[in-house]
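Residue numbering begins at 1 within each chain, and the chains themselves are lettered A, B and C in the order written.
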Amino acid sequence: MKMWEYVVRRILFIIPILIGVLAFTFVISHLVPGDPVGVYLGRMADDPIMRARIEERYHFNDPPLDQFIYYLVGVFQGDLGESLVYRNRPVAEIIMQKLPATLELVIAASIFAIPAGIYLGILSATKRNTWVDAVSRFIALIGISVPTFFLALVLQLALVSNIHLFPLDGRFPNYLDPPATITGFYLIDSAVALDIRSFFFSAYYLFLPAFALGFSIIGYILRMMRSSMLEVMSSDYVRSARAKGVAERQVIYRHALKNAFGPTLTISGLTIGGAISYTVFVERIFGWPGIGEFAVSSVEELDYAGILGFTIVVTIAFLVANLIVDILYAYIDPQVRLGG
Amino acid sequence: MKESDSKHQNAIIGGIRGRIDDFKSRHESRIKETRYSLYLFSRSLLSMVGLLIIFCVVIVALIAPFIAHDHPIYQNVGGEIQEFWPVSVGSQLLPPSEDYWFGTDYKGRDIYSMVLYGAWKALYIGMLVVIPAAFIGILLGALAGYFGRALGEVIMRITDIFLSVPSLVLAMAIVAALGPSITNITIAMIITWWPWYTRLVFGQVLSIREKQFIEASRSVGAGHRRILFKHVIKNSLSPVVVQASSDFGYVILAAAALGWLGLGAPPDTAEWGRMISENQAHVISAWWVVTFPGLAIVITVLGFNLLGDGIRDVLDPKLRR
Amino acid sequence: MAEDEVLLRIEGLKTYFHTYEGVVKALEGIDIVVKQAETMGLVGETGCGKTVTALSVMRLIPSPPGKIEAGKVLFDEPSSVTVLRNEYDKKFKGAPENLKKKEIEKIERELGTIKTSDESRKKELKDKIAALTYSYDLLRKSQAQLNEIRGDSISMIFQEPLTALNPSYTIGEQIGETIELHQMEMLVEDILEQLRLEESTLKARKRAELVEKKKDAQGIKIEGTKQLKARRNEKSFCSLCGTPTRSDWKACMGCGARFSKLLPFPLISIRLRISSSYYRRLKDNPFNAWAAMVRSNIFTRRLQHRLKLAKTMRAEQALKEVKIAEPQLVVKNYPHELSGGMRQRAMIAMMMSCQPDLLIADEPTTALDVTVEAQILALMKELQRNKGTSILLITHDLGIIAETCHRVAIMYAGHVVELSSTESIFAQPMHPYTNALLRSIPKIGAKYLSERKKPLYVIPGAVPNLINPPEGCRFHPRCEHVLERCKSQVPALVELAPGHFVACHNPVIPSKEGGS
C-alpha cells in the first residue's frame, strides 16, 4: 500500500514543478528583458510586420496574467509556438518528430555508461591502490574534465578523418532507406523487421556519438560509486558479515553493494539529465537529427520558441527519469519504503 | 627619558607577544588541525599537481598580454569596450610553426595568443559565478533549514523547481532570453548553480539543528542571528567548500559550452568555446584550430577537479586519518 | 574432549598499526589461554588493546594500516599436539627452515608406508606433522579455511548492534545466511523431510479421491463439486508447512504462503518430484557450480523458495533460543525497527546459530542500559551452560567480570599484565595496576568514618601513547612500586600462585589488602 501511495504522490508532484518551470521561463522571456516581442523574433526583432504577427500570436497585448494563462494552456495543449528556423512549422511537431533519434542516442549512451561506471567504480573501490583503481580514476577524471563537444571533435578527427573507422555524420547511410518507422528507434525497427543490414548500419552510425556521450557521463557515476563503496566497505556490518564467514565476493556484492547503491542511483538520474543536455553538442557535431541539433539551430537564430520547446521537453524527460530513479530507490532501501 | 621609552617599547612588544601567544593557545587545536590538513593535502601527489596547474593558469592569465605574440584591439561598440581580433587574410589556417606556436585559425589569427587571452575570461567567469552562487545558496539553505516550516517549504520548493531542469539547458534558455553576452551567461549560471548549494546546506543545517550545542546556545540566551551565523553556518561550511572547489571546474566547462553555442562572447573574441565553434568546420584539414583551445579547457578544468578532489579528501571527516 | 582442554591459545601475538603519525604498537606479544566451556574476561581501559586482540584472533584487522606482525593463535589444538609442538620448538630453536622441512618429509614418508590398521601410530604421526606445521594456527590458515571457521567454530558479537547489522536485510535473512553458509546439510534435511511429508499427504488425498470414485461407481449419488470441496474443508493441509487449513482460505496461517488454484494431482506430484530430486542432489554437494547455476537461473529460481522457508524456520528457532518474543514476527523485521536490547539478542542469535565452540563478545552490553544488560548477561550464561560454548568476554566493567567470568585477563597498553581466576583477581590483585584499579572502586559501607572521608583513589598519570610507549614495563611511569629494572626490562608473565599469572618485577605480595 505504501509503495503505491509513494508513486502516485511523486507523479502528482511533477505537475506543480512543471508549472513552476514554465512560470520561470515566462518571467524570464516576457517580463525581464526590455523587448519581449524581440525575444521571440531573434534576429528579426526590428521587422514591424513580424512584430505585429508575433504580438497577435502570443497575446502580447493582453495583461500579463492573461498572457501567462494563455501560455500555460498552450503548453498543456501541445502548442509550443512556431519555429523560425523551420519556416513556421509548429515546434511541438518538430520536436516530436526528432525526439526518437535523441532518445535512441541517450538510451544507448546510458546503457553503455551506467553499468560500466558502476562496475568500474566497484572495482576501483575494492582494489584500491592497484593499477585497476588508477586507470578507472583516470578515465573518470578525463571524462568529467573534457567538454563534450571537444571530445566529439577529437573522436571525429582521430577515428573518422584519418582512419575512416567510423562514419562522419548522420544516422544512416544516405544512399539507403532507413528502416520503416514503428518506434522511431532505428535499432528496434530494423530488428523487428529482421532487416540485418539496416540493423548493422544503424548500430554502426550510432556507435561513435553514443560513445562520446557516454564517456562524458561515465565519470560521475564511477566516482560516486567508488566513494560510497569505500564508505560502506569500512562499515561495521561488513565486518560482521566477514565475521560470519561470508566469502569476500559475497561481502562485496550482497552486503556492501546493496547499501552503497543508493547515492549512485540518485546520481544516475542526474547524469541522464546531463546526457540529455549534452546531446546538444554531440548531435550538432555528428549530424545526428535529434532535438539537440534543433536546439542548436534555434540558438543560432535566437528562435526563442524553439529553445523554449526544447527546454520544456527536456524538463519533462528529466522529471520522468528522476521519478523512475526515486521509485527504484524506494524499492531497494527498506527505510524509505517503511517510513522507518 | 630614554629608559622609560625603551621600557615602553618592551611593554608594547611584550603585549603583542602576549597577544600572539594568547591567540595561539586559544586556537591551538584549530591550528594543529589546519596544519594537519595542509600536510595531508601536500601528501597527495594529484592534489599538488592540481594546485600547480591552477597556479600556472592563473599566472598565464595575468601575464597574457606580456607573453602573447599578437594582441587584440579594443573597440567601442555601442557604449561598451569590446575586444576584437583583426582578420589577417594572408595567414589563414597555417599549421603550428616557429612564428605561430599553435598555428592560425580560419581568419588568420594567432591561436597561441588567443588562447592566452582567453584564460583570464575563463577564470573570471569561474570566480564570478561560484562565489555569488555559493553565497546565495548558503544563505537560503541556512534560512530554510533553520527556520523550517513555511519559509523552509517555500524555499525548498523553489529550489526543486530549479533543480528539475538540467543546468545547461536552463542556462541556455536564460541567456537566449537575455541576449548573448558574457555578463548574461554569468547571471544565467549563477541562477542555475545556487540551488545546489541550497540543498546541500539545507541538509547540513537540518542535522546540525538537532545537535545539542545549539540547544545549549539557546539556553544561555543566544539570539537566532548569532546562532545562525556563528554555529550553524560555520559548521556546515565544509561540504560547501568541497563542492565549490570542484564547481569552479564545472562552471568553466559550462561557460565554454555556452560560448561554443554562441551565447557568450561576441564573434572574433578570444573565448575558448567560441574559438572551437568558429573553427570546427575546418578541423578535418587543420587539426590544430580546435585542439589547442580544447586542451586549454581540459587542462584548466582538470586542475580544478584535482584540486577539488584533494580538498574533499582532506576535509571529508570519514576519509581523514 | 575433556573439560579442561584448552580451546584457544594465544602466544606472543603482536599487532601493529602503521599510520601517518607513526607505528602504533597495539599488541606487544600477548599470551592468553581460554579453556573449554569457560568464560574468560578481558579487561582494560579504552585503548589497551582488548578489541584489537579479538579482531586479531578473527583476523579481521583492517589491513592497510594494521598488520599482525608475529605470534600464534592456536584454536582447538589437542593437548597431544601442543606437547609435541613445544618439544619441536625447543629442538629446532634457531635452526634453519629446511631442517624442519626434512623432518616433515621424513614423517610423511613414514606415514605413506604404514599399514592402514595401525591407527594409533597414524594418529601419532599426524599429530607430529600438525605440530611441525602449526596446522592449528589461525594465523596461518587460508582465507577459505578461515571463512569456514568464522561463524561456525568461532563467532564474534560486537559492541553497537545497530551498525553491526546490515540495514538492508531482515533479521531472518541475516541469521539465515549464517545457517546457509555452515549448516547447509541440516537445511536440506529439513527440506527433504518436508517434501516427504507432502508426498504422503498427496498420496493420502489420492486414496481419498479413489474411494470417492468407487462410491460413484456403486451407484451412490454423485455430489456436486462444490460440496466435494466443502468436504475437503476438514482435512486440507498447506503443502509447504503442513498446517491444517480450509480450502476457501487464500493464504496459509502457519507460513503465510499464498494458495494457488488447486492443481490436478499429476502437476503437484511433478512439482514435488522435481524439488525432491533437486534437493537430493544438493545434499551431497551444496556449493558446486551446478547448484550455483540453478540458483541464478531465472527459470529455476522457484526451487529456492523452500530453501528460503527452511532458513526462516531455523532463524525463528535461533531467535527463540535467545528468548525473543514472537520470533515469527521479528524474523521479518529490519534492524532499525527493533530496540537496542532486541538487536543485541538478534546478533547473538545470528552468531550462535551454528553452535560455535568459542564466542568472542566485544563489549556486548556497553551500548545498552543496565536492565537490558542484566538480561543479556544472563542469556549468555545460560547459553554457555546449555551448549558448552566458551566465551571471551571483553569489557571495561569489573562488575560484569565479577558476575560472569571464570577467569580474567587484565590488559594494559598492549600487554597482559595479570591473568587468573576471578576470585583470585579480586582477592589478591598482585599487579600494581590491577591493585590500583580495585582500590579506586568506591566502596559503600566502610566501617570507620576515617575511611569514608578518604579521597577516592586515582591512578596518577594517563594511558601512554602507543606510538612511543615507555621502555620496559609500559606501566612503570605510573607505578607506585616501580624499580630500576622496570624502566628497561619488559616483565614476563610468570605464575606466582597456582593459576595466577603476573607480569611484574615487583608485584604486590598478598596481604590483608583488597576486598571483593
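Observations, loosely collected:
One rule holds for everything that comes next: contacts are C-beta pairs under 8 Å (C-beta built on N, C-alpha and C of every residue); 3 or more make two chains touch, one makes a residue touch a chain.
None of these values were measured; they are calculated from a predicted model.
Nearest to the common centre of all protein CA atoms is the CA centroid of chain A.
Chain pair with the larger contact count among A-B and A-C is A-B, by C-beta pairs in contact. Centre-to-centre separation of chain A and chain C, using mean CA positions: 51 Å.
Computed from the mean C-alpha positions, the centre of chain A lies at a distance of 26 Å from the centre of chain B.
Of all residues in chain B, none touches two or more other chains. Contact residues on chain B toward chain A in their complex (touch as defined above): 157-158, 160-162, 164-170, 172-174, 176-180, 249, 253, 256-257, 260-263, 273, 276-277, 280, 283-284, 287, 290-291, 294, 297-298, 301-302, 305-306, 318-319. By the touch rule above, chain A contacts chain C in their complex via residues 234-237, 239-248, 255, 258-259, 332-335, 338, 340.
By the touch rule above, chain A contacts chain B in their complex via residues 16-18, 20-21, 24-25, 28-29, 32-33, 39, 141-142, 144-150, 153-154, 156-157, 161, 230-231, 273-274, 276-278, 280-281, 285, 295-296, 299-300, 302, 304, 307-308, 310-311, 314-315, 318-319, 322.
For chain C in complex with chain A, the touching residues are 58, 60, 62, 143, 146-152, 155-156, 158, 160, 163-169, 177-178, 181-182, 334, 336-337, 347, 350-351.
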